[in-house]
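Two complexes, one shared chain (chain A), two partners (chain B, chain C).
Right after this comes the complex of A and B.
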């Protein structure tokens, strides 16, 4: 079962978050309005939401789930520690780690994008899934989208409907999605 | 090693890229340059603008390059330049410039463009002599793309067949590795 996905850019900012199969009451301090609950049933929770996407950076950071900062901290430290311990200079970070309640899958591109996916502990490696998301969904719908601004010095949260829709379909089509 | 890059580059070119009509591409680029010359009336400025356009292309193009080639991090600048020439240039322009003239500290080298599709059908007026670098966009692409993989470089044309030189040569200088950004400390 797949729980959620985080994408971080090279500026350590979360640019995308979404979740599936997740019990909302455990999701932490996120403020949730009742009016969206009907909509919830069909579309998964995503960040940035349409309302947040246009906000200035400071306000946007507040609206971002606190959890994402925590997740970034974990993968960042773990990766640095892992490559320090590694014998060879070439280190690809780590692949995943597992606890008794979840498994965290990690993929980092040479350009500094970080893809993090949480699933239940029995799921086999999702590294290829994360690569597919990068190669075929992120590249196609974000990088190649000429309408999206792209200043390498700034962070742009992904508020692209096509990206979300294709991603959602892809994840729901995976054999490990709901088993 | 070098052979491995070449094979991969050729494989990607044959199997993993969509191509567009070369003439369309060449003429589009030509008209961009012509328009810039008209707008700025100063070849220095045109060079700068082309470089800037290239930079903006490069910062996006690197993602496409990484995904198509599946290439990870390079160990040193020498490897980077080989990969750029044999895989990068091959993938996007179907050429493989020669990497040569390394400085002793391995920080500066030259890309010799034996062929350059951008140059096709192009004749420059005499007054541009060594002022307008027609393909300067390539320098920007290199700078933008490498910046995204934490390498700061500078690239400049030092000769070009369109200016009557024997070869087209881009001098590439490695400046430094950029540090990865650290997350903001939480209060």
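Right after this comes the complex of A and C.
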């Protein structure tokens, strides 16, 4: 089962977020507005306003931007920790971690783009899936998009429907998508 | 192959650190303390970012050159065991280490809880246990 995907750029900004199979722990009505507003939004980096405005009743159900910051923090610290401990000085030292309810997969490109995917703990390594997303979907639909403004000092959220659609198709076709 | 063991107390302080085999970078004792503190916080955060609601903290971290297994006791003490990536089950040895910790550290009347562990018998038995587990 695949839960969600975060893409962070070099400036530590989350430029893309999407989720699948994710049932929020709070009231069902909110869970519905969450998923529909996320899947149909044209600008992907739109957090469900309901989740932000009506503050969570369950402390675990964090408002979205906070959650991304936490994910980034965890990934960043673990990466540094691993590179400190390992003998070989490589940037792709950290691969994944697992808790009793989920597993986080990590892939970083040479240019500093970070792909983070959360799945259930039984899923084998999704590193190749993240690489595929980068090489065949991100490069094709975001990097090669001539209409995208390009300034390396700024970060641009991915607001490309093709990217989203192709990504959705690809993920839904994976054997581990809903098992 | 077991590379090293860290014991972190419930406040995030490193109370024990020992390398058993080569394979990890050696750090200064200050860096080990920072590492333990960082891990302690990450462990707390990982239980909060779960997509499914309730989750425990990180229990297995996979990296290029090693695997890090974390076992947290009910009292909040964490045992981190670093092994090489091909190592599979460490549950047995982690329990064994926990037993040794209870026997030789907690039951030692001269040991102050939450303080760095300097207990010779624990060292000896730990090394023996790790070598028989290889």
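Assume the second predicted complex is superposed on the first by the 138 of 179 C-alpha atoms of A that agree within 3 Å, B and C clash if a C-alpha of one lies under 4 Å from a C-alpha of the other, contacts with A are read in each partner's own complex, and residues count from 1 in each chain.
We adopt the following convention: a contact is a pair of C-beta atoms (placed from the backbone, for glycine too) under 8 Å apart; a residue touches a chain by one contact, two chains touch by 3 or more.
Quick caveat, the model's predicted, so the values are computed rather than measured.
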For this session: Return fit or clash for chain B versus chain C, each positioned on chain A through the superposition.
Result: fit
Exercise. Between chain B (first) and chain C (second), which, if any, makes contact with A:176: first, second, both or neither?
Worked result: neither
Exercise. On chain A, which partner's contacts cover more residues, chain B's or chain C's?
Worked result: C
For this session: Could you look at A:86 and tell me whether it touches chain B, chain C, both or neither (first, second, both, neither)?
Result: second
For this session: Go through the superposed model and pick first if A:19 touches only chain B, second if only chain C, both, or neither.
Result: second
For this session: Determine, under the contact definition given at the top, whether A:112 touches first (chain B), second (chain C), both, or neither.
Result: first
For this session: Name the contact category of A:73: first (chain B only), second (chain C only), both, or neither.
Result: both
For this session: With the two complexes superposed on chain A, say which partner A:95 touches: chain B (first), chain C (second), both, or neither.
Result: second
For this session: Using the superposition on chain A described above, determine whether A:4 touches chain B (first), chain C (second), both, or neither.
Result: second
For this session: After superposing the two complexes, find the smallest distance in angstrom between C-alpha atoms of chain B and C-alpha atoms of chain C.
Result: 14
For this session: Share the list of chain A residues that count as touching for chain B in one structure and for chain C in the other.
Result: 73, 90, 92
Exercise. What residues of chain A sit close enough to touch chain C in their complex?
Worked result: 3-4, 19, 22-23, 25, 58, 60-62, 67, 70-71, 73-74, 77-78, 80-82, 84-88, 90, 92-102, 104, 118, 120, 125
For this session: Provide the residue numbers of chain B that touch chain A in the complex, in ascending order.
Result: 56, 59-60, 62-64, 66-67, 71-73, 75, 144, 147-150, 180-184, 186
Exercise. Across the complex, what residues on chain C touch chain A?
Worked result: 23-25, 27, 31, 35, 38-39, 41-42, 45-66, 82
Exercise. Where on chain A is chain B touching in the complex?
Worked result: 10-12, 69, 72-73, 76, 89-90, 92, 109-112, 134-135, 138-139, 143-144, 150, 152
